[in-house]
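Got a structure here, written out as structure tokens. Questions coming.
Letters A, B, C and D name the chains as they come in the text, with residue numbers starting at 1 for each one.
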Amino acid sequence: MTSESEGMNRMRKRLHEILENVSPHDRAIHIFDVFMITLITLNVLVVTIETIPGLHETYLLAFTIFDIFSVIVFTIEYILRLWVITVSPAYQRPVLGRLRYAITPLALVDLIAIAPFYIPLLLPMHLIDLRFLRILRLVRIFRIFKLSRYSEAVKTLERVLYNKKEELAATFFILILLLIFSSSLIYYAEHDAQPEKFSSIPDAMWWGVITLATVGYGDVYPVTVAGKIIGGFVAIIGIGLFALPAGIFASGFAEELAQRKMQCATICPHCGKPLSPTYHFHPGETVQDTRKQE
Amino acid sequence: MTSESEGMNRMRKRLHEILENVSPHDRAIHIFDVFMITLITLNVLVVTIETIPGLHETYLLAFTIFDIFSVIVFTIEYILRLWVITVSPAYQRPVLGRLRYAITPLALVDLIAIAPFYIPLLLPMHLIDLRFLRILRLVRIFRIFKLSRYSEAVKTLERVLYNKKEELAATFFILILLLIFSSSLIYYAEHDAQPEKFSSIPDAMWWGVITLATVGYGDVYPVTVAGKIIGGFVAIIGIGLFALPAGIFASGFAEELAQRKMQCATICPHCGKPLSPTYHFHPGETVQDTRKQE
Amino acid sequence: MTSESEGMNRMRKRLHEILENVSPHDRAIHIFDVFMITLITLNVLVVTIETIPGLHETYLLAFTIFDIFSVIVFTIEYILRLWVITVSPAYQRPVLGRLRYAITPLALVDLIAIAPFYIPLLLPMHLIDLRFLRILRLVRIFRIFKLSRYSEAVKTLERVLYNKKEELAATFFILILLLIFSSSLIYYAEHDAQPEKFSSIPDAMWWGVITLATVGYGDVYPVTVAGKIIGGFVAIIGIGLFALPAGIFASGFAEELAQRKMQCATICPHCGKPLSPTYHFHPGETVQDTRKQE
Amino acid sequence: MTSESEGMNRMRKRLHEILENVSPHDRAIHIFDVFMITLITLNVLVVTIETIPGLHETYLLAFTIFDIFSVIVFTIEYILRLWVITVSPAYQRPVLGRLRYAITPLALVDLIAIAPFYIPLLLPMHLIDLRFLRILRLVRIFRIFKLSRYSEAVKTLERVLYNKKEELAATFFILILLLIFSSSLIYYAEHDAQPEKFSSIPDAMWWGVITLATVGYGDVYPVTVAGKIIGGFVAIIGIGLFALPAGIFASGFAEELAQRKMQCATICPHCGKPLSPTYHFHPGETVQDTRKQE
């Protein structure tokens, strides 16, 4: 019984290594990764090309078999991830740890990836109409986010985004502020001249966002002098809206880079004592120790 | 009498703390903030959706009651802010301090937020026509800027914008220069081919700003060879116009970050004496003191 | 005779101070600056609004008088600048110095600003047709660049542009390369489907530049599958084309900032000896001297 | 025989110097460079203007002679490059070295530049149709990339791009992810309202890429409320997609600059010993040596 449990533990550890992509030079991990990336990519491809008129009907059987196969693989993967996650010290506890893991973004993506298959089986018949099924099929496109697990550089980007989340949120807040403000102005300037295109402020926001983001489809644009002056200023403000996150990301990447370089501990070349780099220095940390040694 | 005045003073200090959002962990401040943010957001929502055809007439009473309630709250808030501001050392003097506070951007926004309600009551009847009332209703959208008081990250953005105001103003000046210059060129190139779309240089500026900001609605564009060559160069210059503020903001955020990190005083690891960080060092400041101690 | 020449010299020096904007706190300089900035701005305004149909004919006399007045002022300014420039050590020599000054960008702008007035007077009658006169009137818009002399921040931008001129030229070169390349591809993809819109590669470049700069008027766009795939990639490359100069400017402004901060000489807090900041340190410069003193 | 081989070797070395652009002050190199840049530029010009209707037929002989001349020069250049490359230590071996050189990007561009001329001569007649010949003529536009060999600043850009290739690839990966995701969403929102414009998800990707890159031709745009909300978010995400590479390039150029400045070795101002700059310092490298000397 104990040896069986030990075997289980060893297997769980090994599976955890494979699933969580611990060592990059392990062959089994590499094979598993390539298989999963291929399967996810094929899934995205199928969800995408399935919508081409005629294709869905012609290859219905092939698409259905591939979908069932994918859901089986993703379900096994999801269950295994839940089973082995207790190996990780952060999710050690059998029930609470697994629940806490289940609500992490990556685990939620894994759940959303398989849910569209099981929901129609669980719900009462009369709730399932064509419209609902179509939304469920749309949800399968979320499988694409399963890919983000496999790129190191994407994780760097995510870290930079995370570090700068407050500045980015503030930029988004200012964008919303400017959007509402400029849509209100343009509504008052253009409503009389183009009542059907600027019928209300929420309606004018479509013009606002398309102009602030400098997309400019050309389906709505001001025609009055006042509207053109407002539109010109909104377009110029749009330039600034591109510049703000660019500046935020620039400082974010510079920080990321500085931190990577800073990880090598520096030693004073005069005396061999540890020397905190100037702009990471916090008084009363290593320095106090150094002084005591003197 | 004195104790009464003391009570007044204590109350004024407390109100100042709440209104100026001094401590982030105070419960009364938190409740007041949430209430104000909700009220401002609802106001912006009402001003916005009110313009949807039919909605204004249907919910006229609700909208009117809500507007009167908001104006009362904002008026009380404005008067209280003026009353308690003398607590702050910068605006200590009863009359002059209050006047100086009243012309700060945030106080002006507070005044503009309530003004549209009182102006029709103060002005003689014959001056108030429908057009004027509509502009007054538009002014209520300025209430949205009351929100900027409550976000820490927005204040960081404002600081970066303020620090870089000269470079940004120069960028704007160059934009205006390029706008006038390219509009003049395109006018001479396109006026004969499209006299109604490029009727004059001020008219051509609409094309200029929409092209420089890379919006490109497609309502006006050059059709002659000369006009297309000018348009191509203007579009390329537009790329540079996005890059300039992006570079300015990037250095602005990097500076902000460096300053935050630099706030921790650094001590020389060799001798324990305070050591100004290299690139904040101004000769004859702390150094002179250090030498005297020797 | 000598005292007269001395008086001339003193006057020349004073005029040089005023014209070249040496001291910012001098009252005469300030008055001269405000007068010139106002005159240039009015000139730009006149050149611009003159093109509004009807306006030119109505105010012909006023516009002509203003133009003659401006040309007289600008001519006197130009002659005085040429006269006093020998005060500056860089252009000391009476003839060669003045000639060398005359070909600097700012002096050329000053010349171009007055040339349109004198050229018709100097040329034989039969060369002057309406078309030629119109181009001359267009040239007056160059007067706008006389303004760039008066802004300190614009000079900073110019310095950053100058420091990064090689990287920016390389970006422009790559843009031209990509423009020719993508226009050739789209021509081969779209020529058969839209022969009148993509009639030749030079013609397709209009599409190329408007797409690479993400303007997208919508007058020409690919309709074939191959053309849309090429167009999609060109649009994505356009994103990179915005990012390149943004990154270049960001490092340019950071450099500018670092240099400004570095100008304050740093002294070693331990011993009061001059201490070169770490990343400006060149071996064998100040250090050698310091060691000799020891 | 030996002296002949020695002469060959000397000639090979000299040719290698000229072809690989070793010294910038050599006159022969300068003349060769100017000749090649002119020839390549003329080639690009010819390939481009040849497509103007009528021009090809009129100047058929001139174009053909110029093409044959160019191919002869480029062929001789290619053969000479292959012959002299063994002078370079990296490609020393006669056969393997030359093969390894032949697959470098610059050598491949050289091959592609001449291939379109030789392929029709080598292939059997029945394989060569008009469509195939047209593609071959298109391939000649690749000659433009031969120019990239001659610009120092382009090499700097290439180095920055190379250093940041992982972050840029991750940005591209995220772009593809967002493109597929937003195209799927808009397909489900707009398919019913505009079945011919959003006929399938791959079809909707044309809208997706044109919106994410903020080009916005205006040939396809959402018309439903759900579609407009999705479109608005996609446009806002487009702003971020511009900011990401801008931030990456900004840190890339800053790094490039820092490295160039860091190349001057720094000496400790206190004791004259070599001092590694703080943020390039790796423990156990130069420091260990320094301590041993003590």
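Here is the rule we use: a contact is a pair of C-beta atoms (placed from the backbone, for glycine too) under 8 Å apart; a residue touches a chain by one contact, two chains touch by 3 or more.
Remember, predicted model here, so these are calculated numbers, not experimental data.
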Exercise. Determine how many degrees of rotation, between 0 and 180 and to the nearest 5, align the Cα atoms of chain C with the equivalent atoms in chain D.
Key: 90
Exercise. Pick same or different for copies chain A and chain C, depending on whether their interface residues overlap by over half.
Key: same
Self-check item: chain B and chain C, separation of their C-alpha mean positions in angstrom
Solution: 30
Exercise. Would you mind pulling out the distance in Å between where the CA atoms of chain B average out and where those of chain D do?
Key: 43
Exercise. Could you list which residues of chain D touch at least two other chains?
Key: 214-218, 242-244, 246-248, 250-251, 254, 270, 278
Quiz item: Should the pattern of chain-chain touching be classed as line, ring, star, complete or other?
Solution: complete
Self-check item: chain B-touching residues of chain A, taken from the complex the two chains share
Solution: 166-167, 169-171, 173-174, 177, 180-181, 183-185, 187-188, 191, 199-203, 211, 214-218, 221, 228, 231-232, 235-236, 238-240, 242-244, 246-248, 250-251, 254-255, 268, 270-271, 273, 275-276, 278-283, 286-287, 290-291, 294
Quiz prompt | Complex contact set, residues of chain D against chain B | solution = 214-218, 242-243, 246-247, 250
Exercise. Note which residues of chain A are touching chain D in the complex, please.
Key: 44, 47-53, 134-135, 138, 141, 144-145, 147-148, 151-154, 156-157, 160, 172, 175, 205-206, 209-210, 213-219, 241-242, 244-254, 256-258, 261-262, 264-267, 269-270, 272, 277-278
